[in-house]
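Listed next: structures, encoded as structure tokens.
Shared chain: chain A. Partners: chain B in the first complex, chain C in the second.
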Partner chain A sequence: MKIVVAVKRVPITGGKMVLTDDEQAIQTRHLGFTISPHEECGVEEAVRIVEAQGGEVVVLTLGPAEAEEQLRESMALGADRAIHLVSDEEWDAQATAGALVEAIRSEEPLDLLVFGNESADAGNYQVGIRVAYGLGLPVVTGLKGLAVADGRARCEQEVPGGRDVYDVPLPAVVTVKEGLNLPRYPSVPAKLRANRKAVDARAVERPAPTLEKLRLVVPEGQGKQAEILGNGPDAAPAVVDMMQKLGVV
Partner chain B sequence: MNVLVLVEDDGDLSLQAVALAQTLGTTTAVRFDGTYAPAAWARDLAGRGWDALVGPGSDRGNEVLAHVAAQLDLPFAANVIEVRGDEVTRQRWGGTLLEEARVHAERKVFTSAPFAFAPAAELPHVESVTPELGDAVRVAEHLAPDTGGKVSLADAKVVVSGGRGVASSEGFAIIEELAALLEGAVGCSRVVTSAGWRPHTDQVGQTGTKVSPDLYIACGISGATQHIAGCKGAKKLLAINADPEATIFAHADYAVIGDLHEIVPAISAELRKARRT
Partner chain C sequence: MPEAYQWPTSARAVVIGAGIVGNSLAYHLAQLGWSDLVLIDKGPLPNPGGSTGHASNFIFPVDHSKEMTQLTLESVRQYRDAGVFTESGGIEVARTEERMQELQRRMSSARAWGIDDVSLLTPAQVKELVPYIEESVILGGFYSPSVGIVDSLRFGTIARERAQEQGALAVFANTEVLGIDVANRRVEGIRTTRGDIETDTVVVCCGVWSPKIARMAGASIPLTPAVHQMIDVGPVPHFRDTKGVIEFPIVRDMDTNMYERQDGSGLEIGSYAHRPILHDPEEIPSNEEAALSPTELPFTEKDFQQQMEDALELIPEVLNDESVGIKYAINGLLSLTPDGLPLLGETPEVKGLWSAAAVWVKEGPGVGKAVAEWMTHGESEIDLQSSDIARFYEHQKSRKHVRSRAAEGFNKTYGIVHPAEQWESNRNVRLSPFHARERELGAAFFEAAGWERPQWYESNAKLLDEFGDRVTRREAEWDARWWSPIVNAEHLAMRERAAIFDLSAFCIFDVTGPGALETVQTVSMRQMGVADGKVVYTPVLSQRGTFKSDLTVMKLGDERFRVVTGGAHGMADLKWYADHLPADGSAQITDLTSAWTTLGLWGPRARDVLAALTNDDVSHEGFPFATCRTIEIDSLRVLASRISYVGELGWELYVPIEQGARLWDLVWEAGEPHGLVPAGIGVYGTTGRLEKCYRAFAFELDADYDVVEAGMAWGRVKTPDFVGKSAHVTHRGQDPVAVLCTLTVDDHSSRDGTKRYMLGREPVLSKRGESLLDAHGRRSYVTSAGAGPSIGKHILMSYLPPENANVGEELLVEYLGERYPVTVATNDSTPVFDPENARVRS
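What follows is the complex of A and B.
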């Protein structure tokens, strides 16, 4: 079983969005970074499948030199090696998919390709689907359940009123959501092992964007004036009064 | 401009997509019947003449339009809140940040961000289509959940949510008690599910469930953007937090400052008292 998982480096944003002066990015000087949450579950799922069935997990990212940190995190979770398409610029979804397709072709034949349903930051909801078309593979999105056996993937998607189940032949592309599993905390030996695993870094040139970011804007509506109903348990009557006025009791 | 809008039903998300479509030009609507098969639905849409294709900002709306864009090699702007000629404003970070972008294509593909547009008063004439599925990937089976008769998080009129301040899995007993008294649902923040105190199905947030209750009660939740992205649809928000500087108060309509472990049981007791009289 050979599985490729695509991940993205994103900032841990905390409570407030602050932009850089040129309005092109979030001010990240005081922020940490992480693997976009859906994709962290993607890495965990791929590692669990390979732990049970044997094989190899390759983690892939397109991002700045610093994104090696997220590749190492992925390898600490159990991925075997990494491919890093290095670029400091922000790529739109169409260009990202194009670069990933080319990188993944160098890894064929493979059994399963795993993406996040959407990245935490850009939220374009399309890279995994575009890559599936680029490689001519079937795709199922938004998985909350996955079982791989006998050359097929049984995929469960959460929908209003339950779960939809898909059954697709491998090789296939799946996009996953947080909640698919609870990713492990990597052990110290796993982190040390990750530092010795191979990262294949390749410089890539960004093509002209088709969805061109002009500027970022922090939406209005932060900074409401809350009505203070009280301090401590003495506030309880005022809270119930408010609930009665809203008609929820 | 000829605008085609994909509708799923007569619900709000579809009516919001219709509202966006109608601001762009002459709108016709299409709905697909039968088994969900995104690639096949997209093939049908891709084969129709339109200058702009609009869909609802639902999982399926975003999925089907991403398929259309991939099939036609067009850009796709998901979760748009405004269109100005070739420029759009769209949501990033679950709506806690916006992006202004230029679309470099003659034909436009957009989904409308949930709750960014007032729903159209009614659906326009809708063409119902049963598409050829061919060998497209499709839903093979539907599993109905065992909810145990409880109201779902997405549909609840009241949601009582706990965060890091609840401090343990056992700490949620008082949250559950209050939610039960209000016939509401229990929610939580991402910290709580990462710690394993509650299942991910309870998580409200950008990567969890997005809720829109009449009242959202945030207990011991700091107010990270990850969480706000999931609860900003609430009509009213009550924040209970020991830290008067917590970010959550900037998103709250009502505030109680203090220890949730004392305040939440006091509210439950007061509710019981109010019921008896």
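What follows is the complex of A and C.
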């Protein structure tokens, strides 16, 4: 079983986004970086499948030199190998898909290609689908459930009111969502092992962009809204009511 | 709007910062009777997002510093009282032999400060207490059963709410300070995002933000935010059955600068081993911008590689388990200062602006109480002189100095720091006019107050042959570190002929004006209404009659008194005098430290040397002891002061700083036929003064002991009023609870035959090995230690209970785990060398 998981280095933001002075990017001076929560579930799922059925998980990213951190994080979760397409430029979804297709071709034959449903920063929802079309593979998006056996994948896609189930022959492309599974935390030995592995780094050149980004805008929030449920012990029923609505009780 | 939330337009005091310090301080001020207090924080409550919010929250009480240990013990008492302290025990483990010796020092310090339940453990014993430790990598451990963890956020909340319940305190969260209004160098009010408050007292308890807040008022709080990394792993199978937060002792892996503590089902692993990562107080993210909190910054994994290996080596049973995952990892921010001590007290730049910053959770409540006392009574029960924010010189407040020393000190957090250890970073800032000559003479430079001072001179190595066996060597590397036998040889040369000393580090300031006499009279214990040209050595007391300082005052005229004090505490002394200037402006203070330099000339031949240089009368009758006058040497007009800290005939010679080099050369040339030698601070600060039993501030003299106990209650109490007078009179009228004695070491032989030499702060014990305790519960410990080359003995000073303070009494001193016999030589200020003081008055 060979699974390739694509990940993207994204900032971990707090409540407030601050833009750079030229409004072209988010100010990341105080921010840490990670892979999107969808992709974390993607890596976890791939690792679980290979743990059960044998094979290998390859993690792939297109990003700056620092994105190596995210590849090592993914290997600490259990991915076996990492491919780093190195570029400092900002790539749009179309160009990204093109570069990934080329890199993935060098890994064929493979059984499963996993993407996050959308990236946590740009949220274009396109790369997984574009790659699937570029490779001529079936693609199912928005997965909350996945089972792989006998050369086929049973995919559960979340829709309002329930789930649509698709049965797809492998090789196939899936884009997954947070909630697919509960990703593990890396152990110390796993981190030390991951840090010792070599990463296959390849320089890539961005093709001429066909999209021009004008600027980023932070939408006006609704402001802080606080609803006072009550005072003292009399507020208890309203609190219980709220907890039930939220589903925590 | 309920009254409690009404915005106050004025307040008795505003405390900025609701971390462990601000909350504790607000509570203690309320206990001391303050009302109309306001506590504000730009973050939310109960966790505004400062260092308290992510602190590791454990407390190890034993420290080599008496002050820090006292603050910690007081803090633990308060945490226990509030029901937020959980005892777990703690073990400092050693991986090296050098560390095993350091653990012995820990045992001694524990004993000296009254913590008796400690013990040294074998690796097997450590494993019994911490079953998941790998005993083969350690050599032993220092066990403190009273170590525990606290809920610092809960304590802060309890403290704050108690003050609110008393009606003394109004609290406003999510309120940011925008400015502090200052007029005539006094606080007038603050401006915030919610409105303004008129007040004359503001306390900055802002942790890593403190420098930014202080700058709004034009003051300086010299700390830097710095990272210390921590991760949390779990769930740990060993902790599955734990009830509560902690059951196993906390481990400090000293040699790797790391710690591991249980936190519920997880294990928190922290490190001070990584490269120093300093941040800027102006560039800390806001609560909204931060993903976790402003002081929980993104983890830089590459800085934790070695630490993961070290932790794995010590705790493989837990960490090799692949089901134990890393759940939390941060670069946590905390505050570091240039000398590693807190920043407490009223800022010297702005009256009414107080600092309570760079304080760890383990000292928080104690500091809150002490600073509240200081604000109320002008002094605190626990001596805070080493944390006094007034202690810094200008260059020490600079960004460069703060950052370089903080970075250097960071990796020594669990380090083995020798008592005489010198800083390496940012040296050569203050050079005396004698510096070039000293370099030519091979001076071994030590730093004090930023000044480079010769500790001894390598060119004096020839004196070792001259004095042969009379010069004691030290066999053990630790005893001989930051030391040279040349010090003892210089001492002998001085006592035989004469020596010159670089005393440029003196802090010198003039008190002038019609109100000058009133000022110095108020501050000094001794009579200042003296004739022109008189030099008075005087203690400076606190209200309760213990020591604030000791210094020398030269009366130069009815409206001019020149105060000379040691460099280490000079700036704090300057502030103390400034704070006691008359309110009518009839006296001023002028800092002359950088205007004058001082050369010390002492020894039996000192007069011969000086007489050869000047036509002025320097005979004993013509120039009496404890007087000063201007004499002419060559083309220099020199203020000569006939006093001596080394107990020899001689003078302090003061000239304008630009003439210092010339003075050195003149004295040097005149001294050659008399065998004059240059001598360092090793003699001036230790051997010379110990033989004369001269007390030193911060060693023998501090806020814990009074004048009578220190054996310095000479003559009558003067009639004019002075700070501490009534307490002092009371002390004179009662028997001292402790007596300052000088002891000599009888036998230096350790078990393996090496001769060992104490360095200071060791516990003094009875002949049967019991701790000596006075009626106030104070332990006897060595306040100063050093060689007495002229009497051929190693000298120690210590306060003893009166029943042991007898000349000839035989006691023990405990040094690095072994006991050595000592004998009381004097139980008052009678010197052990030249008891009649014949030399000084010759």
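Some observations on this one:
Everything that follows uses one rule, which is that the second predicted complex is superposed on the first by the 220 of 249 C-alpha atoms of A that agree within 3 Å, B and C clash if a C-alpha of one lies under 4 Å from a C-alpha of the other, contacts with A are read in each partner's own complex, and residues count from 1 in each chain.
Here is the rule we use: a residue touches a chain if its C-beta (ideal position, glycine included) is under 8 Å from a C-beta of that chain, and two chains touch if they have at least 3 such contacts.
Keep in mind the model is a prediction, meaning the values are calculated, not measured.
Chain A is touched at more residues by one of its partners, and among chain B and chain C that partner is B.
In the superposition on chain A, A:30 contacts chain C only, with no contact to chain B. Once chain A of one complex is fitted onto chain A of the other, the partner contacts of A:192 are limited to chain C, with no touch recorded for chain B.
Contacts of A:13 after superposition: both chain B and chain C are touched. By the touch criterion defined above, A:69 lies against chain C but remains apart from chain B after alignment on the C-alpha atoms of chain A. Of the two partner chains, chain C is the only one that A:184 touches; chain B does not reach it.
Applying the stated touch rule to the two superposed structures, the overlap between the chain B and chain C interfaces on chain A comprises residues 13-16. On chain A, the positions that touch chain B within their shared complex are 13-17, 26, 37-38, 92-94, 97, 118, 120-126, 129-130, 132-133, 138-142, 156-157, 159-168, 177-179, 182, 208-219, 222-224, 226-237, 239-240, 242-244, 246-249.
Chain A makes touch with chain C in their complex at residues 12-16, 18, 29-33, 69, 72, 184-192, 195. Residues of chain B touching chain A in their complex: 36, 38-39, 59, 62-63, 66-67, 69-71, 73-79, 87, 89, 91-105, 137-145, 154, 157-158, 182, 184, 190, 193-194, 196, 200-201, 203, 206-208, 214-215, 222-226, 236, 238-239, 247, 249-259, 262-263, 265-267, 269-271, 274. For chain C in complex with chain A, the residues that touch the partner chain are 233, 283-292, 297-299, 301, 305, 308-309, 311-312, 319-327.
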